[in-house]
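As written, the chain order gives the labels A, B and C, with residue 1 at the start of each chain.
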């Protein structure tokens, strides 16, 4: 029972972590908390769904196509909505992403309708490990999530683009002076973030069903995961996402399914009270 | 306040008083007018917290719920008269606000946002299962207010209760922000360190800002409950979505201004209505989103400053023109 | 009479001693200079006195009372106010409003009386406005009263900060590098102003400053710090010729 909940907790937590990484990537480079992230992911998931059902593509073809679409969407949003006002106050940028959230959601409703669809899982069936019943798709989700994170961290650490991203997140002005094309970095982070969101969306859709509002709660969770782990590091959201996923699963299993988010949030507020900068965050103190 | 500003407020109040009976709006539009003033009260409260005290909240929908259900409970179950229930709802929500303000003492920016967001989610979840208090999914029916035997049954008569309260709250807010409390809040927003050195107890004022903001929202919540006549915890006005809408109201209208709060509330309440007759179901949402973005891009300080900016532009244009003339003369 | 006594003050940051067993005392009505090379721990001393930092050990005594346990916002009521090295003004408020904030600790209003604008509040508001304008006149910037603080040139901002510290009618004022970023004539005016504050308003002044000629001209006593420790104390003439001081500054700034 506990093992079962742990595994499915890790699986959902991993997905929160993916979405949260997307948020943190953008936040660290351009200080924007992208509230439209969830809706963008929902849209990409719908693209996958439509190509599968209406054009008869296979799961993986649709998957790849959705990711391509997500990259284009991420690029467009950054280039045409965020870049023109990149020097505006942070709160204004946040409101712009709120506006985007409404627009993307509206267009999705227009294009795909408001019905709920069932989205296929990668694999069906269950496994029995040590007496715990674990769904194969949960396990595979977990594996793929870990794999993607591995690639992402490898890129951030060793590739030129990754180094440029990290430099920009430390100090955009100096990065610019060092010859880094900061605007390209912004584009890349929005593209990568959008892709991460789309992957999370397509893995979450089988469990929550696909409709235009499916991602709003996931976005909340991703945001929470990012804050819980710390907005200032790339490891933070992963830790935060996993903790949140496990907490939620355990709370719904042992306390109350209806109040699972309440308990998760209560615990998070307590944790933040103890360590206000997130679990892996560092305090940036002000000097006088 | 100078005379010009004074007069323009009086004209505004006159318009707000006279227009509804003259236009004789259909019920649904009068309802919307009532609603926009209620939201204006919330926006003023939120602006006190964000625009003046510099604290963020993504949970004001939950404060609205606390105010609404407190008022409903007081009037329906305890048979407290409406106007007393109204004040009590404000006070009780204010106390809840103070409690939420406590984590704010240690948290900043995104971390505070998440704590308030968590509060918002928790309140709606708790209210949904606390059926003895909220009636749950089957809802409850708050009574129409009554004063000296007169029942405020119509949306129009109720409008005047809301209008008077809005005016009173605007005056109180105006007084608060230009005296000691307001100055302390703004000082804390601009530099916490200097504020401390100037003798401002930052913890006290942060908590106070949350309490005050929640008080306004509680009053609005009570008004909202008795406007609805039927409510459930699943009402959109209590959701996180609405909390984000409140945020959009003050950013669009103007952070740190009272007039901006009112303008923003009116726009955000009427925009979906105005665009709802369009042929495509979700087009109103798309247009609302687009207008929000357009306002932020073209009026980064909010619409309340749009007038000032136009004047400024005009003056600059004129000044440039003058300069050119001077240059010509010198030549 | 000893106005401020810093007694055996130590402030450690993660094992590093920013201030190391420092003792000095300032007499009432004195202009006292705290100098030393960069990183000597001068501002840390200020931050301990204004209670932003909790000293690791040692005591700070002001007017015979120990203030080491007070909270930062209680210091101004004790009679000490300060300015900041990097100017910490309230940017989105006017110059006058900045000064009014300096009065907050001494304004008798509460949220209810203010919300209903009782006549006592009106009176109080009038009083603090008049007092603030008075100070702006002394600083010769009363024409800037209704302009935004952030719109002022750096020199004026420094004056506004001093004004904000003055309106609370402190008995001790701590100035953290007031002359930084000022030119010669501005510095001369500043020196005059500081002397005026002491002579006419009777305020004790504790000064951290890099401009040596300013310090040597107006300070009666000077404490020289290096690596958190006091290396010399006394009148300007003594300090100037002290070998330890010259050593500390060698290759650094020249002693005027």
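Throughout what follows, a residue touches a chain if its C-beta (ideal position, glycine included) is under 8 Å from a C-beta of that chain, and two chains touch if they have at least 3 such contacts.
Here's who's who by UniProt: C = ABC-type branched-chain amino acid transport system, ATPase component.
If you're wondering where the values come from, they're calculated on a predicted model, not measured in any experiment.
Comparing chain C-alpha centroids with the centroid of the full set of protein C-alpha atoms picks out B as the closest.
Chain centres were defined as the mean of their Cα atoms; on that basis the chain farthest from chain A turns out to be C.
If you average the Cα atoms of chain B and of chain C, the two centres end up 41 Å apart.
Chain A and chain B have Cα centroids lying 31 Å from one another. Chain centres here are Cα averages; for chain A and chain C they lie 49 Å apart.
Residue positions of chain C touching 2 or more other chains, listed in rising order: 52, 84, 88.
Shown for chain B are the residues in touch with two or more other chains, namely 193.
Counting partner chains per residue, chain A shows two or more touched chains at residues 288. Of all the residues in chain B, the ones that touch chain C in their complex are 172, 175-176, 179-181, 183-184, 186-187, 189-191, 193-202, 208, 212, 256. Those residues of chain A lying in contact with chain B across their complex are 27, 33, 35, 81, 84-85, 88-89, 91-92, 94-96, 98-103, 105-107, 109-110, 114, 216, 220, 223-224, 226-228, 231, 256, 258-259, 261-262, 265-266, 268-269, 272-273, 276-278, 286, 288. Those residues of chain C that touch chain B in the shared complex are 50, 52, 71-77, 81-82, 84, 88-93, 97, 100-102, 104-107, 109-111, 114-117, 121, 125, 164, 168.
The touching residues of chain B, when paired with chain A in their complex, are 50, 103, 106-108, 110-111, 113-115, 117-119, 121-122, 125-126, 128-129, 193, 240-241, 244, 247-248, 251-252, 255, 280-286, 288-293, 296-297, 300.
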